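Below are two complexes that have subunit A in common, paired first with subunit B and then with subunit C.
And then the complex of A and B:
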């Protein structure tokens, strides 16, 4: 059983994530309403909101995944609370700086801050350094958190055990839980992409400090940006999958999943391939040699296929071969896996060079990543939150599911996503605040998407009421 | 390992040596780029028109020459004419051959057109202007009078103007067909792939263009891309090494 202080920190994380999530969904709805011509927002206002929405959503679901993994790690190894607190302080400071840069400083270069956009100042001069520093603060906080967890794991497991390499031998004495294996490969990817973010920010600051006399290679900056951005977005999912492997059998009243050579092989392969998959963001960058574009396509396939294959196989076999005690938690895990797979198929299509020629920078891109985030990792994290608020009190979750909440979630979520996909199919470009008259279908789709998003928001609030109440209780009872 | 260290060192060295060499031409070709061209009055076949009368109909390429040139002007025009015969872009444009020498008269320019058998080609316009200074400032063209040779010392300059009168691209020197084809495409709002060549103020390019082989060679930036992944790999090895000690102590 986790100590009270761990529960308190986790409940604070959950409350923060929930608050910021609701705010960010409202921002998303405002964007869709603007694109649907139902309301007017000035250009800079729209892109400020888009920047904050993107950065906040990625940030909160990243910390949600990290906090969940941190909590579950206590079952196997000793992890200190101070790294969790350190990460929280840095996250709060980073988010405040980020919101200030966008809403007070009017910074609106997008959460991907693609070079050289942040240096073409169309906002207050201090906003660019503050935005970049915010990302620096977040990166440092999360880097310490990730390395701290890795250190804790390596104190108990050797390198070979942590990667599950013993399963490639005929006999092995030590077992590595799948949760530990997935956590290790994910944290390693996270460390790599956070180091990349720090390097990238260093390059930005060197250019700013030189009074823009030093000019960096746009290709290098874009490569680094997508190594960071693409990888971190994917690792969010893997954090959620680690919790799924750990909890799905448990909450369904079944024995724990065991590790095996094919699970170890799949996740080791994912760890390597995910580092090269970002090359699919560079297809339009003609200077990049063709070989790298081909590597990008193949790595995108191989990064997703092994993990998808073993997880989908395990989840489907588990669900259809066993009589399961269905609860909100395992249902959300199951639906989250489906969302991840559907979004993953969209991603694989987009990463195929011949399709990317048509889909590049169209609404297909937000379509696929919203699918695996909004209906994938968000649902898996909510599953964990839902489970943990009972674990706080050493209770097991009642076998009752609110059908209304789930139906609203599915209609709202997939309806909202469908409008993005249709937009992609009609070649509506992404990141337009309003669509020109030639693309009026884009406005109609945006309006419908806004309506679905409101339904999604209602479902999210309903699902979270119990979670929030219990988190407030554990937080206040501990502090009183 | 030593080979890689040597390669890094060599790349840094060659990069630093090349900084001083290639910055100059790139800068002058970029001078006044994306500025609106001065709308000077030009005289064609005895009639005066504002420059905008031409570029507003179709994009233009201005070639600044003088008829008494014993140097580059004639080969420059000849090469331009030959190249254009082979370039089938399907894009609209006109060539405006404009004298920068105040001594050149309208009939000198018509004679020049006849020398190249272009007097009846509607794509070619031969003209003079009384506002040479203004035009030179606008295109960034420089011509120095050398009284000993009675010649101007000048660059061979092509200035591409789009139909909004914006200087989209400049070519200095005798350029090949591909460069001219890109110029035509660019003044017609076409996309021209371009990649910055290393200059004095940039040093971390992923690739370096080698004009001799026409190929891109990996540069320092390419190695930098791998640094975070390598650092992570080393960190994991270190943690693994430390944990091995701990593990043995435990068991």
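And then the complex of A and C:
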């Protein structure tokens, strides 16, 4: 029963993700409470939590997207469960190492480990190598996973078909499902950024091994860091979009979306743009060649074109004046699309060089990425989870998500986010454990954000209870 | 909030309202009571509308690009001779500022800085250890301009202060435990 095996592994992923999600939200609330002066945390403790929160959140929603795509892939190609298990073992080891480095070793240089901060050891000496190795373990596990999926796809589809290039010709015989196209485009981006992560870690270790004699170029290291960090955070959403293309029509009882030249073109363009948008992290490094700065803004702007004109338009046109059988799954996909687009607007504003002068490293930055993650990809991943656990019994979903849960989710989520945006507009810096008295408005906003975040947490738990119960059932039923 | 920050916030809020409005509207058209009996279903001519949507969006982006790209901070007051040059060396967790550039291997010189109002000044910003930020906050505690302080590089930032008073400098790049307390100030007369 290959099917069953896939589902068991998946339910284990879902349980892990959910557990770590709740823990990380609580860490987030603790940070906001500290910034709001409602509680005290020692300085190192705050930044340990910040490091762990960032790394864990990115990690779990990345694997959630990967596990979802892996699961759906078996509809089209033969994928083994062992690479999935392999990735899971590496993920668990990596996360445990990461938490140890931060909470026992007091490592607190942030999940983006910007060179050379991790080498200016203000924590236990072993913590830096353990933290960097943890990222290495995660990168290797995920690299094997991504390459394994790509290999499985290329066994069935030729290179041209996988990228949907046949749609640019007048006639074509073979169809590429949009799901396959998006998965390929996304996995290629992921492979590129994981390889960069490994290169970066190699450079760090070469410096440690040489007794800090080999000193790297800080600007080059920063470019590499953000090529990895920015890209990986973005690809999370594309993994979710692959599942959206596959499932949204299906769960709404409508015909599958067909691929076409404009979908193929859009995703090929996205693959390119996404690899150059990361330059916007270096806007305030005036020594960076100006061509790269301009490319950063162009790529960031034009990345939104295919996304909006193809995916957003398709989702809206799909719902508009069509009678939809609304279920928890498609409602969460729909809301997730909205969160993604709102976060995208915040991102495009921030990626404007002349606005970035005001917004760079202000709370506007966590504002926009929390929007497309916490209200975008998280909701889409939950949509998938919800679908898959009920699909197990081939039964239709029980009653749809209640109105109360939706209201709590939206008020909690967007209230929490609005405080970040307002903070950005009031010039409140990001990554401050406390705000100086001149910026005391930051503390007031933080307190309000903490309250909204509690509401968000409650909504998430309510929505997830059913999913978690099902997962436990699936997992134990198969083993008995 | 100064006008630029306010404009950014308003732009975002307006877009937020439009997006939420569109989603709510589209959702409502899909409810059974609104689809039954209306005789039509779905969007007519979707590809034509998609194309229109694409063209409008592309036009808006191009307009925004041409309006904003010439305003990058790299050329602020590029054609003027700075009246004063300030050398800034950031380190964990303070800024050393001086009218003199330091010598390699010696601690960076540090002195109180006073700058003339209404004249172009230049900051040459670098770091002695990790990456830091160099963000200038005006007398109303609003961020007016910033650059990064990166080891091995010197970022040149030009500015003209119109309002006299005390300006603060904050580090905006996470640089370790005392990051939030890393600040300095100068006087504009």
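Note that the second predicted complex is superposed on the first by the 475 of 480 C-alpha atoms of A that agree within 3 Å, B and C clash if a C-alpha of one lies under 4 Å from a C-alpha of the other, contacts with A are read in each partner's own complex, and residues count from 1 in each chain.
By our rule, a contact is a pair of C-beta atoms (placed from the backbone, for glycine too) under 8 Å apart; a residue touches a chain by one contact, two chains touch by 3 or more.
In this text, all values refer to a predicted model and were calculated from it rather than measured experimentally.
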| item | value |
| --- | --- |
| Overlay on subunit A: subunit C relative to subunit B, clash or fit | clash |
| First, second, both or neither for A:406, with subunit B first and subunit C second | neither |
| Which of subunit B and subunit C A:362 touches, first, second, both or neither | second |
| Which superposed partner A:324 touches (first subunit B, second subunit C, both, neither) | second |
| Partner chain in contact with A:208 - subunit B first, subunit C second, else both or neither | neither |
| Contacts of A:444 with subunit B and subunit C, given as first, second, both or neither | neither |
| First, second, both or neither for A:38, with subunit B first and subunit C second | neither |
| Touching partner for A:305 - first (subunit B), second (subunit C), both, neither | second |
| Touching partner for A:22 - first (subunit B), second (subunit C), both, neither | neither |
| First (subunit B), second (subunit C), both or neither touched by A:219 | both |
| Most subunit A residues touched (candidates subunit B, subunit C) | C |
| Among 39-47, 129-137 or 147-155 on subunit C, the segment whose C-alpha atoms clash with subunit B after superposition | 147-155 |
| Set intersection of subunit A contacts, subunit C complex versus subunit B complex | 217-219, 286-287 |
| List of subunit A residues in touch with subunit B within their complex | 147, 150-151, 154-155, 157-159, 162, 188, 191-193, 195-196, 199, 203, 210, 213-220, 223-224, 227, 275, 286-289 |
| Interfacial residue positions of subunit B with respect to subunit A in the complex | 193, 195-196, 199, 201-207, 216, 219, 221, 224-225, 227-229, 231-232, 235-237, 239-244, 246-247 |
| In the complex, subunit A residues that touch subunit C | 43-44, 47, 108-110, 114-117, 120, 122, 217-219, 222, 262, 284-287, 290, 293-294, 297-298, 301-302, 304-305, 308-310, 313, 316-317, 319-324, 326, 334-335, 337-338, 341-342, 345-346, 349, 352-355, 357-362, 421-422, 425-427, 429-436, 438-439 |
| Complex contacts: residues of subunit C adjacent to subunit A | 1, 4-6, 8-9, 11-12, 15-16, 19-20, 22-23, 26-27, 29-32, 34-36, 38, 40-43, 46, 49-50, 53-54, 57-58, 61, 64-65, 68-69, 71-74, 92, 129-131, 133, 135, 137, 141-148, 150-157, 168, 170, 172-181, 183 |
